[in-house]
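Below are two complexes that have chain A in common, paired first with chain B and then with chain C.
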Partner chain A sequence: MTTKEKYKKVAYYPGCALEGTGHSYNRSTKAVGKALGLDLVEVKNWNCCGAMEVKNIDPKLQTYLSSRVMSVAANEMDMDVVMAPCNGCYHNLKKAEYDLANDEESVEVVDKLSKKAGHKTYESGQVETIHALDWIKQTIGEDGLRERVKNSLSGIKVANYYGCMYTRPRHIFPEKDQGPGSESTSKPHFMDDLLAAAGAENVDFPLKTACCGGAHTLSDSDTSTKLVLNILKAAKMAGADVIATECPTCHSGLEMHQIRAEKRLGEKVDVKILYFTQLLGMALGLKPRKVGVHENISDSIGFLKEKGLG
Partner chain B sequence: MPIHEKSLIRPENLKTHDELVIDGVDVSGHWSTFIESRVVTDYNEALQDEIEALPGGEYIHRCWQCGSCTNSCTVNAINPDFNPRYWIYLIRMGMESELLRDKDIIWQCVSCNKCTYACPRDVFPEGVMKATSHWLELKGHTPKSPSMHFDEVFTEQIVKTGKIEESRTIRRFFARTKQALMQDWMIEMTKRMLRHLPLGMLTRMGLATLVAPRTSNWDAASKAMQEYIDEQEHDRVRNRYR
Partner chain C sequence: MRSLADIESAIEAAGANPDPEAGADELLALSEEVLEHWVTAKGDVPTQDEREGFRLLALHRQGAKGDPSFNACRETCREVAYHYNLVKLQPDAAEITDRLQMMMMVSSHLYLFISGKMQVAQLGDFCCSSRPIRTGSEAETVTIKEA
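== the complex of A and B ==
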């Protein structure tokens, strides 16, 4: 079976953030999948992947949490691909996969915990974890998108922001940096490719993989505010109207610290923040509300109307 | 292993003279800054082993001090005192008292993994930062950092219910770190969120605060994880940190 066929029906792992502050990402991902005729089957009774916090208490506990999600997909649903739109979930599942293939101690701990918890132990290689970007890029691709675009994003200048967890550390993403067609860890381009196919004008944005300080968004907010302000300013200087995001932590971090920078540092940077799936959805002819634009804190409704997408 | 950064030398040990002539050569001013020599006597020979025994610190011995970590560091760019290469050097040399000068900022690592990406020796400096801040707390050199409080609140909720409900985590974290919940930016954020009346979302979030989302049949997993955490804690105490 080709990759294209394989990714047409995937186990969907939304994760905790997509049921809370990242709900518009959940809504827009599902809407885009439906519009493109792709099949999402939600992972049954899923649990948190451990986010960025559990590993600081104990890394193997995080490996277990992520492995349980993959175990359910593989053993209880008979799926071989898990698609996670959240960078954190995607990263953690990839990391668990790597650890379970390379570290015996992790295998032992995961096996012990899985047995006690009463489910089958996940074995490395049972599923392939992909990001929402891989999912759309490999099934529909740029050509497929161009054919399906109803409202071109032309005239919208976009800074594509990928964040940390999608490309780093390199060793947990063995499929990246494999030459033409594969994703790059130093200059990722999948989001650029998809949005360009939908008509957007991508700006040359130097902070694609900069950190938004998401890990300390509440525990060291001043640092996060400075980091986010850098990103907002760089996007603005590059001429962007919109920062396109692919991670609920980055997205809500940008929104929160955009406001915090206004309140605490008196720095107002007017740039809209939208999930890439929201932009794609509107390009495919969906109304802004259908892709949850009204659920974002960053207000882009007026701007989108101006550009003919309202 | 030379230390080049002038900022690492204590200000009181930097000597600059306005008028100084040695052997007929004028060495006044900044071009001839002298460094007061000092003698270090309080090495902790076990320091590297102690850090290495904690999760994340396993590969610190591989470091050959190229500085790629500090060069790529997100936090270093906004605070030059945040210097992973230097801390790794101090730990490997056992210079505990020098390390303690920076004890209050090491926890600020944002886990962006740029250092891990850049490191040619697979030291995993991000892990070393986490192990070091953990070590500082276990040894009683620092109180629990806000980040550690957050990690604990977060992990407790996952172990208990299997899922995170964000507003609950935020409320508990603010309570535990004794901060006011209604900060200026939080109020503004709430206002902006209500602007377009996302009724479905508000209803769902409201319900989630009343009945926390949870993974069903989670009890056995919850118990297994709690037992594992207790075991680890027990081993840690027994082995090294009393």
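== the complex of A and C ==
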């Protein structure tokens, strides 16, 4: 079976953020999947991946929590691919996979907790975890997207922002940096490729994998605001109308601190913030509401109408 | 070595330097100073070595040893070096002022990331890949303790 065929039907792991602040990412991911004829089967009774809170206190407990999601997909749903659109979930499932393949103690802890919880222990290699970017890039690809575009994104300049967790740490992403066709950990480009195929003009954005301050947002909001402001200003200076995102933490951080920067620092940066799935969905002919633009904090409707997407 | 607070304002001033090449030199030096703060706070002596022609990259490598979360600024350091090259190797480019400004923003991001990391007990955990605050036997007890 080719990768393209394998990814056409995947176990969908939305994670907690996509049921909360990232709801428009959830909505737009599902809508794009439907428009492209791809099947998403939500992981049954999924749990938190361990996010950053559990991981910082007890990394092996995070490994277990992520392994349970993969165990349900593999052993209860007979799926061999899990697709996680959230960078945090994606990162944690990949990290669990790595730990279970390389750390005997993690295997023991996961086995013990799985037995206690009453489900089959996940074994390394049972599923492949992918991101929403891999999913669309590998199944439809740029040529497939070009054929399906109904409303070109031409005239929209985009700064693609991947955040820090999509490519780091490198060792948990063995499929990346494998030459042509694979994703790069130093200069990721899958989102750039997909949006360019939909007609957008990507700008050269030096902070595409820089920290958004997401983890620091409660303990030191001012630092987070300054980090976000810097990202917004750099995108604007690079000529972008829109920052495209693929992580719910980055996205909500950018939106909230954009407002906070204006209120606290008096700095207004007029750059729109949209999930890449929202942009792709509109390029495929979906209405802004169908991809949850109305659920974003920042208001992009006027801009989208101006560009013929509203 | 200037204080972190002094470095923050110096970065902004360097970005507005009417001589872009001098501004780029200053921004590179300031970025190195930011990393020197991090390395020194870890109890090491900042290296004078270079990697790929930049001391900045050698300092980053030194700062990331034993602290994988520090890699969250690896590409930021590389972008500082890239923009330095843009300014220094194409001094007659029409967009030279914009390039210096962009270098200033990238340097500023490096400053914000590292100074943020150092706020909590000087070497606090900041990013999502931060090291666990509890390790070893205590973590194990939490994980596998029988009900």
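One rule holds for everything that comes next: the second predicted complex is superposed on the first by the 310 of 310 C-alpha atoms of A that agree within 3 Å, B and C clash if a C-alpha of one lies under 4 Å from a C-alpha of the other, contacts with A are read in each partner's own complex, and residues count from 1 in each chain.
By definition in this document, contacts are C-beta pairs under 8 Å (C-beta built on N, C-alpha and C of every residue); 3 or more make two chains touch, one makes a residue touch a chain.
Just so you know, these numbers come straight off a predicted model, no measurement behind them.
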Combined model on chain A: chain C and chain B, fit or clash = clash
Could you look at A:D58 and tell me whether it touches chain B, chain C, both or neither (first, second, both, neither)?
-> both
Partner chain in contact with A:E295 - chain B first, chain C second, else both or neither = first
Please determine whether it is chain B or chain C that touches the greater number of chain A residues.
-> B
Identify the partner contact of A:G88: answer first if only chain B is touched, second if only chain C is, both if each is, neither if none is.
-> second
When the two structures are overlaid on chain A, which partner does A:H251 contact: first (chain B), second (chain C), both, or neither?
-> neither
After superposition on the shared chain, which partner residues are touched by A:M237: those of chain B (first), chain C (second), both, or neither?
-> second
So, A:P169: does it touch chain B (first), chain C (second), both, or neither?
-> both
Given the touch rule stated above, what does A:L207 touch, chain B (first), chain C (second), both, or neither?
-> second
So, does A:W46 touch the first partner chain B, the second partner chain C, both, or neither?
-> first
Taking the superposition as given, does A:K226 touch the first partner, chain B, the second, chain C, both, or neither?
-> both
Run through 26-34, 44-52, 62-70 or 152-160 for chain B and report the one that clashes with chain C in the overlay.
-> 62-70
In chain A, both chain B and chain C touch residues 52, 55-61, 64, 109, 112-113, 116, 164, 168-169, 210-211, 213-216, 219-220, 223, 226-227
Mind pulling up the chain C residues that touch chain A in the complex?
-> 68, 71-76, 78-79, 82-83, 98, 101-102, 105-106, 108-109, 112-113, 115-116, 119-120, 125-130, 132-134, 139-140, 142-144, 147
Chain A residues touching chain B in their complex are 16-17, 19-21, 23-24, 45-48, 50-61, 64-65, 68, 109, 112-113, 116-118, 164, 167-170, 185, 210-211, 213-216, 218-220, 223-224, 226-227, 255-256, 259-260, 262-264, 292, 294-295, 297-299, 301
Touching residues on chain B, where the partner in the complex is chain A = 55-56, 74-75, 78, 108, 110-114, 116-117, 124, 130, 134, 145-152, 154-155, 158, 162-167, 170, 173-174, 177, 184-185, 188-189, 192-193, 195-198, 201, 204-205, 208, 213, 215-218, 220-221, 223-225, 227-229, 232
Within the complex, chain C is touched by chain A residues 52, 55-61, 64, 88, 91, 109, 112-113, 116, 164-165, 168-169, 186-187, 206-211, 213-216, 219-220, 223, 226-227, 230-231, 233-234, 237-238
